[in-house]
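Structure provided below as structure tokens; questions to follow.
We just call them A, B and C in the order they show up, numbering each chain from 1.
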Amino acid sequence: MNGKKVLKQKTNNGPNRLIRDIRFNPSAYILVAVVLAYYITFHYLPMYGVIIAFKDFSPGLGIMGSEWVGLEHFKLFFGSDYAWRVIRNTLQISFYTLIWGFPAPIMLALLINEVRHIGFKKIVQTFSYLPHFISTVVICGMLVDFCSRDGLFSIMFGIHDNLLTLPQHFKTIFVASGIWESMGWNTIIYLAALTGIDTSLYEAAKIDGAGRLRQTLSVTIPGIMPTIVTLFILQIGRVMNVGFEKIILLYNPLTYETADVISSFVYRKGLIEFNYGYSTAVGLFNSVINFSMVIFANRLSRKVNETSLW
Amino acid sequence: MRQSKGERIFSVFNAVILTAIVIVCFYPIYYVLISSISDSSQLAAYSGFRYKPVGFSLEAYKQVFKNPSILNSYKNTMVYVSVGTAVNMLMTCIASYVLTLKKLVINRFLNKLIIFTMFFSGGMIPLFLLVKNMGLLDSMWALILPVAINTFNMLIMKTSFEGIPESLMESARVDGATDLRILFQIVLPLSKPILATMVLYYGVANWNSWFNAMVYLRTRALYPVQLILREILVTSNALSLSGDVSGDIIDISKSVQYATIIVVTLPILLIYPFLQKYFVKGMTAGAVKG
Amino acid sequence: MKEKQSELTIETQIVHLLFHKYQRKMRLPNKNYEKGKGNGMKVKQGLSLGLAMALLLSGCTGTKQPSGESTRQTAQSGQTAQDSQEPVMNLRVYKQLHVNLQQYAAGNENLPMFQEIEKRTNTKITFMTPPVGQEKEQFNLIVASGDYPDIFVDMWLNYTGGGAKALKDKVIIPLNDLIDQNAPNIKAAMEQYPEAFRYVANEEGQIYGIPMVFTDNMQLVTWGVNLRKDWLDDLGFSVPSTVDEYYEVLKGFRDEKGAASPFTITLKHLKQSHFLAGAYGVSNEFYQENGQVKYGPAQPEYKEYLKTLNKWYEEGLLDRDFATIDDNTRGAKMLNGQSGMTWAPSKGGVGAWNQGLQEKDPNAQIIGAPYAGLVKGEVVGFGKINPEGSLSCTISSTCKDPVGAIRFLDYMLSEEGRRLLNFGIEGESYEMVDGEPVIMDTILKATDMPVLSKMNLYATSAEGNAGVATIVDQRYLLQINEVTPNVTEALETWATSSTFEHEIPGIIPLSEDSSRYASIMNEVETYADEMLLKFIMGQESIDDKYDEYIAAIEAKGIGTVTEIMQKAYDAFHNK
């Protein structure tokens, strides 16, 4: 026993271990090299650009030649009268999307899974994907139309006013239309996961007398749980990423109160003066938050069940 | 198969809900379709629920096909999508597989390295400079190589690969197979659903992509069709940065915009039926779980 | 090169091989060739791709591509306007593709205008073209990356600090000496039109670009009020020119003509037009009064403007959806009778809608209407005028042959060049009649595409950012405007109903101030825009809240930015 330990210590230091491992698994490390090459080239080499967030970037001087300004951009952003508002709106929209938008494709996938009739199943699947292919610009055009004073939604909900001018409804419109756009498309991954569940498990459950609901709860959902958890963690990692395009197309000054998010705010500033330093700084802030959220979620997930990203 | 009463009710209920969803999901594209064959000036008068064309006119389609950029950019897109998706799949499969090899010493480090890139990047400028220095500017490879692996997709694929029993791969290794062979001869054949999913995801993403083209391409002749579409859609709304009032601009009618969308989007919609067979339940399930 | 070969389609490769022969012939070993080496490949490909496309598309789409191919071949082997012994100069030019052309031309290289320019100046142009509508983003990226073309044709207003900063940052080079020694036409233009060249010079008098030289006020007003004349006549109104008159007219539209939104406009245009605001002596942005720069939305007079708009909104005269509609929708409303008044350009609005309306109702008429004043007969000092000096041709610091480049630009201001850029190609787009250029009917009566687009294929000088810097010929405008009724009159009305004396277009903060300016302005504009809408739509009471509103704007720092703009304004005028 002792001898073994000593042996381990001798060869256990980092580089030696690595070299041994490479010798032991040569073909694997060739593949590793390919993957490393990609990430280092296209992700790590350009990473020095992060310092733009701390510089007053001037194209003529280049990244290295531009002046250091430290936390100036961050101060500008957080010092804004609207900083809290846009951060709050960003987080709120993300969380609504998470709470309502995350379960929707799962439910839909489960429902589709229960369909016996193959033809109907195919139709539902194909049609549910369609909204994903319509570009945001068009969807927003439709929404503007439907939400206008005498538009479809205004009539449906009995509000005789342009819905997009009422700040209290913005988040609902934004999140609901987002679900409409992506729900069908997002079922794909779950449907794929469902096909991976061992049918014999269903057999066993049926023998035990489980009805459809029981089967779903004890076989299906646990069966796709790894997928669900992975996607959930990844989704949490996008909490600061409310893209500006759809916001810009749907908002107007009357709804700034609830609709103005970080990206749209930075975009408007960019229209006045495009400052790479500023936008990089805000982007960095977003990334830090996103990353922390993912680390937290991953840790939690690892404690609760076995699935985690790393 | 005998269904209990409860199950029958559920089936009906399910069918109703799903039908409603189908209708709601179909509506946007139906809307675009009928608007594209509508008379453009009548179109805006009609602010409300459209269930049939307002006036009838194929004028919009005629204009779309007269556009000299459409045909060429379509060809470009076909090329970008096929080559791009192939590269994506190859690289992603390799990366996903590598990350499942937990026994490798480098594995944990690699995991962290990769996930870190999902959140932090140097921004557009350094990447642009890199692409420029590699001589890839204004070429197809600028659209393909920097985004060869979508880490999000890759992690999902990894999760799926992890479902394959270790035993299968171990026995192959014992027999002397290289990892590449294990990947191609064992892992991939057992992962058809996830592969089909990723081909779809990457294929559609490549088809829809316009942003990278906008950043890296300088020659209009190389533009993909989505960028052309975007130009047409963006000129008259809030996103247009050139919509200032210093030039005499002619509005592009809404029906032309819609017709362009149909022309550009239709082909991709027809792809799904081909991939559907891979989503059939239980195809390989039995073989997998030992 | 190998990789690039694989991307080219079969046709392109064939074309490529064919022309390889010709190109080899033209290349004489000297410094131009050296310089052209890197660009040469690109140009060859650009050339062959463009040609292949032209060939393919003329077959596929049936659109007649005006003799592009034959012109090219002449350029290769035939006599040119300049010394044909000189090697062909390769130029990389950054230029937008005009919005009006995006559906009718695959790129700038396909425009007969540029093909003719290449022929006459003995150049081969490779275009760097940003996507239509996304120019600002790509422009910033190009500049930030150092991937410069030889010549930029663009609005340096998009660059922080403007052309002067670009000069300082060594993105572009000063042109004074180059002009002096190599550009006689530009030199002459500088003497004839010193005002225009002021806009493209920095504080030290260094000229950074060749500007578009405007020769008449009508060329600077492209947008203005569009109004239904036939409705005016039916209701017995004369053309309104005061706020009260407009009010009565709009009420008439609403009550007698069933217009659901008598005055329709998008939010963006409402702000940019300064319509009505001018009547109260303010604008929606920065303006100057007796040399003092002020910010409109922070002035006491702005209150009255808001109250008028609020009244119009409450009474249903202003489009209730103005906050969310886009250009297309407002255009459609004019065409289907939901509206009788809006803000639009002369040809794209007045001209196009006259055509559209008259198809169904021959009596329909749209005219350009004057800016509203408070008192009858007064001419307001506010309106919308295009920034002079906004478009300019600049030579970048990486251009290897600045002398060649300046001579290229010089050609544009020569007699011949001006004729080309204003009227196009003789025999194809215009004819000489009694010594005067007259645009041909094939353009003016074109049916395969809008008249303006067809004209822009050959000549784009007067159309804002579509052109290449030259001296705009008023005759062009007069002729092209006659195609559709009321266009010339509209421009005249707009040009004369405002003196534009308070406008300060084209003045941007000095580069050292721009960062502070942008942060503060973002706050101010966010707030001002919110309040503008709340006041107009009655969500906040103007009487109660106006003082609070002013106080808030001041707290956000409007004083500082006003000082910054004042500084910039003074610097410009003391040059």
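The definition used in the following text is that a residue touches a chain if its C-beta (ideal position, glycine included) is under 8 Å from a C-beta of that chain, and two chains touch if they have at least 3 such contacts.
The model shown is predicted, which means the values in this text are computed figures rather than measured ones.
Across the assembly, the mean Cα position most removed from that of chain B is the one of C. The largest tally of C-beta contacts between two chains is found for A-B.
Measuring from the averaged C-alpha position of chain A to that of chain C gives a distance of 39 Å. Between the Cα centres of chain A and chain B there is a gap of 16 Å.
Separating the CA-averaged centres of chain B and chain C is a span of 36 Å. In chain B, the residues that reach two or more other chains under the touch definition are 125, 129, 230, 234, 237-239, 241, 254, 257. The residues of chain C that reach two or more other chains are 136, 144-146, 326, listed in rising order.
Looking at chain A, one finds that residues 57, 141, 148, 276 touch two or more other chains. Residues of chain B that touch chain C in their complex: 40-45, 63, 65-69, 71-72, 75, 79, 124-125, 128-129, 132, 137-141, 214-215, 218-223, 227, 230-232, 234-254, 256-257. Of all residues in chain A, only 17-18, 21, 25, 27-32, 34-36, 38-39, 41-50, 52, 57, 63, 108, 111-116, 120, 122-135, 137-139, 141-142, 145, 148, 150-152, 155, 180, 183-184, 188-189, 191-200, 211-212, 226-227, 230-231, 234, 237, 245, 248-249, 271, 276, 280, 283-284, 287-288, 290-291, 294, 307, 309-310 touch chain B in the complex they form.
Against chain B, the residues of chain C that register as touching in their complex are 3-4, 7, 9, 42, 46, 49-50, 53, 56-57, 60-63, 96-100, 102-108, 110, 127-138, 141, 144-147, 222-223, 268-269, 272-273, 326-329, 331-333, 335-336, 338, 345-348, 352, 356, 384, 386-387, 390, 448-450, 452-453, 463-466.
By the touch rule above, chain C contacts chain A in their complex via residues 136, 140, 143-146, 160, 166, 168-171, 267, 320-321, 323-326, 514-515, 517-519, 521-523, 525-527, 529-530, 532-534, 537, 539, 556. By the touch criterion stated above, chain A contacts chain C in their complex at residues 56-62, 76, 80-82, 141, 144, 147-149, 162, 164-165, 252-254, 256-257, 260, 265, 268-269, 272-276, 278.
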